[in-house]
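Below is a structure I'd like to ask you about.
A, B, C and D label the chains in the order they appear, each numbered from 1.
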Amino acid sequence: MTRELGIGLIGTGFMGKAHAFAYRAALAAFPDIPVPRLEMIADVAPDLATKAAHQYGFARSTGDWRALVADPRVDVVSITTPNIFHKEMALAAIAAGKHVHCEKPLSPSLADSLAMVEAADKAGVVTQVGFNYIKNPLLKMARDMAAAGELGEITGFRGIHAEDYMHDPESPYSWRIDPAGGPGVIADLGSHIIGMARFLLGPIAEVSADVRTVVTSRPVARGARERKQVLVDDVARILVSFARGCGGTIEANWIATGRKMQLGFELTGEKGSLVFTQERLNELLLYKAGGDARTSGHVKIEAGPQHAPYGQFCIAGGHQLGFNDLKTIEMGEFLGAIGAGRKSSPDFREAYEIQKVVEASIASSRARGWVRVA
Amino acid sequence: MTRELGIGLIGTGFMGKAHAFAYRAALAAFPDIPVPRLEMIADVAPDLATKAAHQYGFARSTGDWRALVADPRVDVVSITTPNIFHKEMALAAIAAGKHVHCEKPLSPSLADSLAMVEAADKAGVVTQVGFNYIKNPLLKMARDMAAAGELGEITGFRGIHAEDYMHDPESPYSWRIDPAGGPGVIADLGSHIIGMARFLLGPIAEVSADVRTVVTSRPVARGARERKQVLVDDVARILVSFARGCGGTIEANWIATGRKMQLGFELTGEKGSLVFTQERLNELLLYKAGGDARTSGHVKIEAGPQHAPYGQFCIAGGHQLGFNDLKTIEMGEFLGAIGAGRKSSPDFREAYEIQKVVEASIASSRARGWVRVA
Amino acid sequence: MTRELGIGLIGTGFMGKAHAFAYRAALAAFPDIPVPRLEMIADVAPDLATKAAHQYGFARSTGDWRALVADPRVDVVSITTPNIFHKEMALAAIAAGKHVHCEKPLSPSLADSLAMVEAADKAGVVTQVGFNYIKNPLLKMARDMAAAGELGEITGFRGIHAEDYMHDPESPYSWRIDPAGGPGVIADLGSHIIGMARFLLGPIAEVSADVRTVVTSRPVARGARERKQVLVDDVARILVSFARGCGGTIEANWIATGRKMQLGFELTGEKGSLVFTQERLNELLLYKAGGDARTSGHVKIEAGPQHAPYGQFCIAGGHQLGFNDLKTIEMGEFLGAIGAGRKSSPDFREAYEIQKVVEASIASSRARGWVRVA
Amino acid sequence: MTRELGIGLIGTGFMGKAHAFAYRAALAAFPDIPVPRLEMIADVAPDLATKAAHQYGFARSTGDWRALVADPRVDVVSITTPNIFHKEMALAAIAAGKHVHCEKPLSPSLADSLAMVEAADKAGVVTQVGFNYIKNPLLKMARDMAAAGELGEITGFRGIHAEDYMHDPESPYSWRIDPAGGPGVIADLGSHIIGMARFLLGPIAEVSADVRTVVTSRPVARGARERKQVLVDDVARILVSFARGCGGTIEANWIATGRKMQLGFELTGEKGSLVFTQERLNELLLYKAGGDARTSGHVKIEAGPQHAPYGQFCIAGGHQLGFNDLKTIEMGEFLGAIGAGRKSSPDFREAYEIQKVVEASIASSRARGWVRVA
């Protein structure tokens, strides 16, 4: 397969840059995918788009995302703008027959997300949503081990995604906590750990959550005396019940002082367990029961070429992948799926399923009891 | 103060031995307490009691705990027998005017525990319950830091006590899971982490729990084909709301394959956080916000003489305390309180308060919603 | 500066791929450097070169490295072939006026390496050698802290680079242990940790080493009964004395069973210390003396945008760099130096200085005593 | 065996207290040893001796150690005084037919130590020297694994004992650095890691060392302007060659800023390796080659009853031993050996062998080359 795919990237910020790195590296890592041709980049500020085109190697730039979506040389549209714009951009891209990568969450509203899923399904385009952390080679192995029964019957899951970028009550009010963008941390970080739980163990059937706003007001600007009431959540603590039967807990927290990337889990089965944290993303702890009691313990597995697709980046163990490499795996799989004419994962539908867990948790917190994930 | 206290110890098993070590070491560590005189040891098997008297240095032994409780040279009674015997022994000891140390939980029934509390209060004897882990010098500092506001307003607590001694579904049915002894893991391990949460942050006002029996039947004996239904819980996952306002989660789990002593917490405040695990009981992680961003991070504090009462055991840092040392601190404080004529901590009342959280959690799980801790 | 630089890459193996990733990512990370134009890739096997050109996005390929070196559209030559070819290729590239990046070590012979240094100096081209690990943002900070006196007078350095790719005595004889390629582990891994020591603390003045061949023979092929004597070293243990006065040790080891990337150090000063291991390359431990004894300890610093140039890859802390990102920093600095018309670092001369320490260590081991680094 | 042994303890400081704890706990941990009867305690300050007798439960006290040594009810003498007194006390005790425990090192002078060894041998008394760290149950297993060939041919040892109690150049001159007491850190800490190396791998045949005084003068008192020249070593870095053939390094360092108990090693064999640090004394890392590459890695073994004699202290894993428990094991073995009429270990002769390595290292540093351990 040597077909090319013209890439159109909307947004040049944090995630725009990550997409650019990934599209630039994808073919070097995955030589069998269609060749990504960096066709056009858009930003609401045309000068930023021009600068980014130079920096990231895109052939053209534009201040008008609609021009990008409509461009006949663009086959794939990557959406990295704030959540409130996802729906309009994605629907336009789908309508133009483009394959679409969209950063999570799909949209602030579950109904809008469903509309996006249905439009993509109807158009038959390939979609992908940026749940990059599960692209970790060690997590792929973790999922396979759980699926193959290597840990025995699964008996529990404890998942966390905690960071501290909102821990300071004097951090000002911002777009991030504008309820127009949807819920707070439960959508921003919670969706990652919910997605990871589903990736590892399948659907979550029921939730009972405590979703809280802890910092109830914030200054309207850095140092301002005027404060504005905060309406979105800072912490979500969720009891979960998986469809497969086992229970667990999930926490999403953006006021977790000191934590920069506490995304991880302990997954326990009758015969073994796995412990992971994104803080040390190239390590996975494995315990297997039944060995020599004298020398049993958690094994610290270090990522290496024996954990596909690590070897696409480096043939030697111990060298380690970084965040942008995970994004490259994501893009490699997405482009590969387009080339092969099959669905990619996690796609719009999976993102919608994750969002349903988010919404059920919020509903549960209000109802002060268990709620089924519809 | 050079007054002596005659010690009577009931039980010679796991905890009986721990008490013996602690009573033998207490004066060496805490020279100002009354001298513990090892007066009598009781076991239902008189030969075990005789052997233990030699091994632990008790002057006399008996097969009849009532003789011990009644003995005029016994001032303090330590109860380390199975839970179902605690009430009768404790009430008898209190009736005889003895000070009483009882292993946790006080009794299988909350009503019985209250009776024990009230009897002790009425008699004016000093009581103590074996929540040994909070005797850790580093946890005393943690509590002090939280209380002094060094972490700012507390915004969250995530507590766990997970071990794996019941993880194997083929482990036979035993006294440990006989419902006559009270609930399962939520009492056995859960009480430790609930006690630790209260020690650090004060009362828990409300809970919403998922308390589960995962291994629903066990063989009647090792290797037997006949199985018996399990009625007590294997895992308890609890959303908690502290009286001070902050939320959190608590998990108790005795099927946590691979974990031998995962008792710990992450305690987060607006200005800092603490991370602890009993797996590394001589370490405490501290994060303080607001420092130089370049060199900020979690500080790994290693226990040393600057953390009282570590220095009572060793004048040099880095040497480390072990489990039996924590028990020695517990006994030192208990005997010191008796000598000083004041209450010790945690006493029967505190154990009762912990048990109320356990019972509220079980009720909450049945009700599938929040329950106030009465 | 928008000048372009035509890149010519010789070699398509492990390091060839790493260079390709780095050249593809360099501008995205460092927008102010000259634009790297992927001009030509060479491999002794022309079909591999063709395939690599597609995969890595080079415009042309060749089976003849001399054609690449001579090509007028090639401004920069990257050499990633086995050591024995470095000299000839580098001298040819320098003669053609190209800037040269060469993987370490420069050459098997110190005299040949000096010839390479002198040729480059004379030609005035910019050179760089692939000591990628010191490109870590945290190590740049470590060096700056040591230089600024933040750790006080430096009193010791303990450096290690240990891996296990040769630990099995049944691993067959290969090019890696052919003495024609130079010394064994002391050149292969030792040069990295020696380079890191020099990066942090400056020149090493004297060494006293024990350089050993442990696996004295290896099968001529996997599973073969015939064995061949091994003449190069498996372990080097070196006492070092830095020109600045402090002492230390350095170990290089490729039979360190279980270690995949134990490259690290403990650097101690009168007022503080630093601990680093490439096994957790996004973490640096810092201890500063003189703080509150109660809360002192090693701080675990997690890499973030406050540690330049991490922020060129990601604006948020905790996301982590990987090995290929370090290589991108290396290439970004190299291309930036070319654009600015200044020397890059570590250049051929620095590689030569490192090799002098290697050679002095070997001489010291033979002499069974201290040897000055000339 | 129910024979009693009258214990006489000389010294009531740091180590005196550790001995007291250990003698008080020994029988509880090891019920089959002779009963230690706490007969007499001596301190040059009689009031301290009186106080200590109360605190530690000794029957009598004295200000005259000769009275203790001569007392007919004293069977065992424990010497915990400064090094310069060891010889005289030990020889007197031996002459009186007592069994002797002496803290390390035996004496400042190798010749004096040999005299102590010979006197003990001649008298046929049981001796023990306080190398407590090797009493760790996990290290006993480590030694057994190495001896049984579980790690294959041993190829390397990297040992360290580094602390920081002398790191501050303003710490005043003290008895600790008075050359009358013998060498500096190489004796104080170096003897521990040399002893550990010998315990694990047997005799050290040759050494090449760099033994340095780093802080060359210290104030005569805290804050004083007058300074006194330091004549003993602050850091010793030693290349070692074991009699069994393998090489290694050993470092002793008391100016290792930030380290409180960095006593540990990495021991590597062709088939496996072990990593240990006293900083986490209840953990041992084990790597075994040849397993499933996907799930291989270092196993973190947590101490438990499967590692004798841990089970003498607690029947459940994960509870952890502390420093004083190691001392109890030491005393239990010592008293057990006396009861059984056999040698204990490490005895005076082993301490002398360790001291020979210390002396050879100092000689090697002066000679700037390898020196055989006589």
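Basically, a contact is a pair of C-beta atoms (placed from the backbone, for glycine too) under 8 Å apart; a residue touches a chain by one contact, two chains touch by 3 or more.
Just so we're clear, the structure is a prediction, and the values are computed from it rather than from any experiment.
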Contact-richer chain pair [B-C vs B-D] | B-D
Averaging each chain's C-alpha atoms to get its centre, pick out the one most distant from subunit D.
-> A
Distance-wise, how many Å sit between the C-alpha centres of subunit A and subunit B, to the nearest whole number?
-> 41
Using the average of all C-alpha atoms in each chain as its centre, how far is it in Å between subunit B and subunit C?
-> 53
Provide the C-alpha centroid distance between subunit B and subunit D, rounded to the nearest whole angstrom.
-> 34
Multi-partner residues of subunit C (at least 2 other chains) = 259, 297-298, 302, 304
Contacts from subunit B onto subunit A in the complex sit at residues 151-152, 155-156, 158, 160, 164, 167-169, 208-210, 212, 214, 234-235, 237, 239, 241, 246-249, 251, 253, 255-259, 266, 268-273, 287, 289, 297-298, 368-370
For the complex, which residues does subunit B have touching subunit D?
-> 2, 14, 17-18, 20-21, 24-25, 27-29, 31, 35, 51, 54-57, 163, 165, 259-261, 278-282, 302, 304, 313-325
Write out the stretch or stretches of subunit B touching subunit C in their complex.
-> 141, 286, 293-302, 304, 306-307
